[in-house]
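Pasting the structures here.
Consider the two complexes below, in which chain A is the common component and chain B and chain C are the respective partners.
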Partner chain A sequence: MARTEAIALPRERQGAAWWRTNATALLFMGPAMVLVLVFFLAPVVITFVMSFTDLATSTGLSNWQWIGSANYERMFRSQFWFTILGNTLVYVAIVLAFNVVVGLGVALLSLHVEPKAGGVFRALWLLPRISPSVVYALMWTWAAASPPFGMLNYIVAPFGLEPRFWLQSDPWLIVILINGFVGASFGMLILTSAIKAIPEDLFRAARVDGANALQIVRRITLPLVKWPILFVLVYQTMSLFASYEYILLTTNGGPGLYGTETWSVWAFHTALANYYGNLDFAYGAAMSAILVLLGLGISIVLLRVFRFGQLVAEPRVEVD
Partner chain B sequence: MRVALRGLTKKFGEVVGVHELDLEIRSGEFVALLGPSGCGKTTTLLMVAGIYRPTSGQIFFGDRRIDHLLPKERGIGMVFQSYALYPHMTVAENIGFPLELRRSVSNEERERRVREAAALVQVDALLDRRPAQLSGGQQQRVALARALVKRPDILLLDEPLSNLDARLRHEMRGEIKRLQKEVGITAIFVTHDQLEALTMADRVALMRDGVLQAYATPTELYARPVNQFVAEFIGTPPMNFFAADLAPRNGSLVARTEGIELALPAGPRGAKAPPTATVGIRPEHLAIVAPGQGEASGEVYVVEPMGREQIVDVQVGERRLRVIAPPGFVAKIGERVGLRFAPEQLHLFDPASGARLA
Partner chain C sequence: MSKRTAPERTEVGYRLSRRRFLVTSGALVAAAACTTTPARAPSGGVTEGTVKLSAWTIGPDAPSYYRRDNLISAAETLNKKLAGKPTVEIDATFESGGQWGDYLQKFTLAAEAKTSPDVILAGHENLAPWVGPSYIVPLDDLIAKYQSEGGIKDVIPTLWSAMKLKGKTYGVPQDTEARPMYYRKDLLAKMGWSKDKIDGLPEAVKKGEWAWPDFVATAKDAVAKGVVGPGKGWYSRPSKGADIYMFYYQNGGEMQDTATAKLVIVKDALLKHFQIHADAVRNDKIMTQSIYGMDAGKEWHPTVTDGKVLFYNAGSWTWKDWQATYKVPEQSLWDNVGFMLIPAAQRGGKPVTVSHPLAYAVTSNAKDKDLAFRLIANATTPELNSRHSVTSAHLAVLTTQKDDPTYKQDKFLLATQYMLDYTKFIPNHAKFGVYDDVLYRFLGAVEQGQSTPAQAVESAVKELQGQLGDELIVK
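Showing the complex of A and B:
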């Protein structure tokens, strides 16, 4: 409507008409847009700009220079980038699967038991998320402590497993579990509410039609929470690529050289905590820039594969 | 299949949903569970379906007690108030779902029976659509087809027409009734609309607050309501009620109150007659006559033309009586009129308990 009007107007008045129709909308969106620019877009732009300089502790804030793509060349000449990329992909894939499968499992289980018990059960799963990251990570380092200590050693003892220093012997297991349990609570929250939003009559109808509990989950529940599952999948992929804090607090990328180092941990180590004391801000920024591109690329692929347009357009559950 | 409910009770914590319900449904009978919102109709139906476990009481299908069986073992088909079509399946998949879950039904047989059921309710042209692409009436038919496709012994319908517009409701009313007789299935349907119950059902079970009030044919319910609640609930516009003093005169009884004096033809006999009663008369059993004639006099309060007839409210003393008048009736508001009571159509109720006196 507004558009057809604008076309009919003489050229110099089009701008004025556009402002008249859209000024209110801009006014209302303004604050949110400023926030997005300052806190989301600006850091990305600064990261990219910085990645073409040699800014580091050694140059100080005033003596830096433009060095073109030297940081990127250095990164891909490094003998470790391939290992670290592999680490990252394995880490993201396994933790993602854990998040979604366990999150969905907990949501389903907790909704199939007595409501109060289900609520308590879900609350327990939220504990990792609501406890401070550092406390949660410390708990895991203690649980995985070297023998004769460590709760894990006590848990596995009855199964005849030798006590061991888990962070050394099975670092990936610990990294996956610590991130997996936190992430699972996210999937659980989203999927619990999605399942609860399915009208009760659909389940009753399915029972009358002759479906057992497993058939109801497979044929009714899962297809109806397809979109929330995809949302969890996409969202968790993004946050896992960028996550580093639990790895940092437990294995710190070890054991050995880059044993569990992921791309974001690598960037952190380079830019903010490297062994030589020279904090290579610009080099780290280049690594982060790659991470941004990787995340962007993967989200585009995921949204293509899952057809985001439909996700937004298709009505989720018809109630009547 | 005969259905019998014995002392069926359902409590939700402190709340009593259904209390000691006894009901016998003959094989092939179409029974309506009728009552105001929250009276326990859906709860009853869900217990018969096996979705709710009764707190106490028994359910029999034929001679077999079935209240411990799972829904799928009961041989029932059910249409839900929301239709509960699976939104992610096509019409054909929806109708075929109950058969798909049965190993014994082959793919060819399933397809054949889906087409059959769809044709029965005239949705065979819509088999590839999703529920979201159907009108309310079409969704309703699909839900019916899904309930019937497995050839159940008993069909349960929860407010099957409440989501339809007035015209479609009328159409489906007739259609469901015809279908039920055609298939010859025992059916229970829930409704809060007395007209629906009266027009469709062979017998109507009227409930209030979880307690069965009356169980009778539509004609009996209308002609001889067993208590004041039944009298009030059945019939549109609703029955008029007023309190009156009863006094004997010439061996019969006279009911008297301000502006009204009625000789009761077959009143409660002799000594048992209480001093007062609630008198009920339906609007269609009152006639407007010239002032001074009839058993009551009052003035016209409002006239509502309805096409085929008119509803006239007449102020008689303190109370207002509703009368159905022929379309030709003309009156000004405030005009004085007389009212004639059809003598055989009076209902007397105990003022305290509401039970029928005569």
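Showing the complex of A and C:
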């Protein structure tokens, strides 16, 4: 006891000691923390706060009022919130599956061919990602234009398919393809590098043991890229929930009654794109707040399903 | 007790001690904080004897550039009157080919940032959302004070009413227009119509002798005879816009209550409005289902200017736009294209069109509101408005324009001016955008076969009530 008292430092000296120990770390982490606070946390807080006001073009920043939960009540009074939620879940699920399956497929295929050819193949898949979004979307709208225009109509003609205005007749197909091809390239990049990082010895050993290509993929490659697949899944899920630009530029949420309107497109239309100029910022913020909660909930589910805790746990065997 | 020693700097010369790092970083941050931004002249600021005024205008149709140029000309006139006390300098912009939504959003953000121009050009209905946050100022006192400036006293009275919100005037009419139903004379001739009958069509429509059932029958006949392809009997507007309300008004619709200024929806008129579109696309097949969302610049205009569609409704300004943008010779238009009001719902009824007057408004950010208004007033003269009218095919806003030599020479303007006697306006209401969005989506739904017209009316009214609450009157 006496010994403890002898080494105890006064409060101010404790603080100084703590500061000496952590100052550099804090200073280095500071800019990143400020960025996270300003660009990630603050917008979420502002969105939630704003959703309880009536802020719109017609109020400006000078004339708004607190209106409690009125925006949320208005949102759920709409006959279409459930349709839009359904659209969102279907859109995210299908595009996500497309992204991961095609991304993984392209990664595996391109790594199983001659390296130079594989590189060219991957570069071609990167084209949608490196094209400016607006240019890429406009190319799709032109390709899917109504007859007699539209490249798609010429492509399907030899198969006996009637020419059509694809954005109207098959809007989901176009929305899924346009987003899918961009997303697949992301999965392809991450998974290619993950597969390349697997020690070659494992593949050689498997081949010596007589495993065929499919068995190698199933027993060695896939278990070892589980973590990157989880990353692609979670990251792409969040991206897709918040993505709106390709839908906006192609179907604009239509045709008709919210045909391809997802939650983020709905929020964008409400808060930032009114034809007659009255932007409903607060109502759009309420929609965005729901989107934040939805994204958060689904992330937690995904992390639990994939046992994120185990994936990032300390290895049981220390390898030096 | 061990003694702490300073690190050997000679051994690790590239290292920076924590103290030095902290001091250096702090000094840099402090220096950055103390640095002033580069000095610059205040935006549009008043310098000695000079007042800089700025203005934003938009077409989006390319030929409407006089919306900007007339302000520049007005500055010259105003400077002569001011005789250097002070001198007005004008910085005016014109957006061609852009989108209204983007333009309005840009102004909203600029207004909040207190960087909006002194003068803004917008549609009359756009002024309503800007009144609440005082982005623009009421002009009644200035109108009274400068009644003799420019052509202010000669503005057509009905146009002033389109500029009012809650009894106050927020804009000066810049132009107006009609939205005719165009028709191809050459195609009607192919169907066996005589020249007299073709040329007499606008008059027959005006008198209510040729009505919507005749329109539909003619379009169906054209498709049946192969004069036009399937779905090319009638092209309506392919995107949002005031035009769609012509068919609602045609069937007895009302949009705003004059006493309360609340938005109005008339269920019976809405049903008929939806029904004629559903019939056109799904039953009579005189309009293609692809019309909804069709690319105006790449499909709609090229198809109609190619003479492949019998009837198509568009703005009066498109007459000039077809010449300027789509390179159709004016004589070819006169030879092959006619224009009439939207036919009455039934014979004996009243035909209709919709006008959408544009207006110059003075913003609350204007440094000198009197000068900003006087600039607008001097841009509102028979000469300047008429040169804009003849260049862009917009109709007169001044009673004196009918006597203006430039205006009088324009055959198209003279031939469409009567349409203003049949015109209706869209509402001046801050929540009109919500109303419009719901009705436009349901119109798409009936055209696409997602709803029957009757279902669409019930759902649309329910949705409007849910979104607008007390601001909606259902009749």
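The criterion applied here is as follows: the second predicted complex is superposed on the first by the 294 of 320 C-alpha atoms of A that agree within 3 Å, B and C clash if a C-alpha of one lies under 4 Å from a C-alpha of the other, contacts with A are read in each partner's own complex, and residues count from 1 in each chain.
Criterion: contacts are C-beta pairs under 8 Å (C-beta built on N, C-alpha and C of every residue); 3 or more make two chains touch, one makes a residue touch a chain.
Since the structure is predicted, the reported quantities are computational estimates derived from the model, not experimental observations.
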Exercise. Looking at the overlay, does A:Y258 come into contact with chain B only (first), chain C only (second), both, or neither?
Worked result: second
For this session: Using the superposition on chain A described above, determine whether A:L202 touches chain B (first), chain C (second), both, or neither.
Result: first
Problem set entry | Dominant contact partner of chain A by residue count, chain C or chain B | C
Exercise. Touching A:V225, do we find chain B (first), chain C (second), both, or neither?
Worked result: neither
Exercise. After lining up the shared chain so the two structures overlap, which partner does A:L104 touch, if you call chain B first and chain C second: first, second, both or neither?
Worked result: neither
For this session: Would you sort A:A137 into first (chain B), second (chain C), both or neither based on which partner it touches?
Result: neither
For this session: Please name which positions on chain C make contact with chain A in the complex.
Result: 18, 21-22, 25, 100-101, 104-105, 108, 111-112, 122-123, 125-126, 128-135, 240-241, 288-290, 292-295, 298-299, 430-434, 436-437, 441-442, 444-445, 447-448, 450-451, 459, 462-463, 466-467
For this session: State the interface residues of chain A toward chain C in the complex, per the touch definition above.
Result: 23-24, 27, 56-63, 74, 77-80, 141-142, 145-147, 149, 165, 167-168, 251-252, 254-259, 269, 272-280
Problem set entry | chain A to chain B touching residues, read off their complex | 199, 201-202, 204-211, 215, 219-220, 223-224, 226, 315, 317-320
Exercise. Can you list the residues on chain B that touch chain A in the complex?
Worked result: 46, 49-51, 70-72, 76-78, 80-88, 97-98, 101-102, 131-132, 136, 146, 150, 163
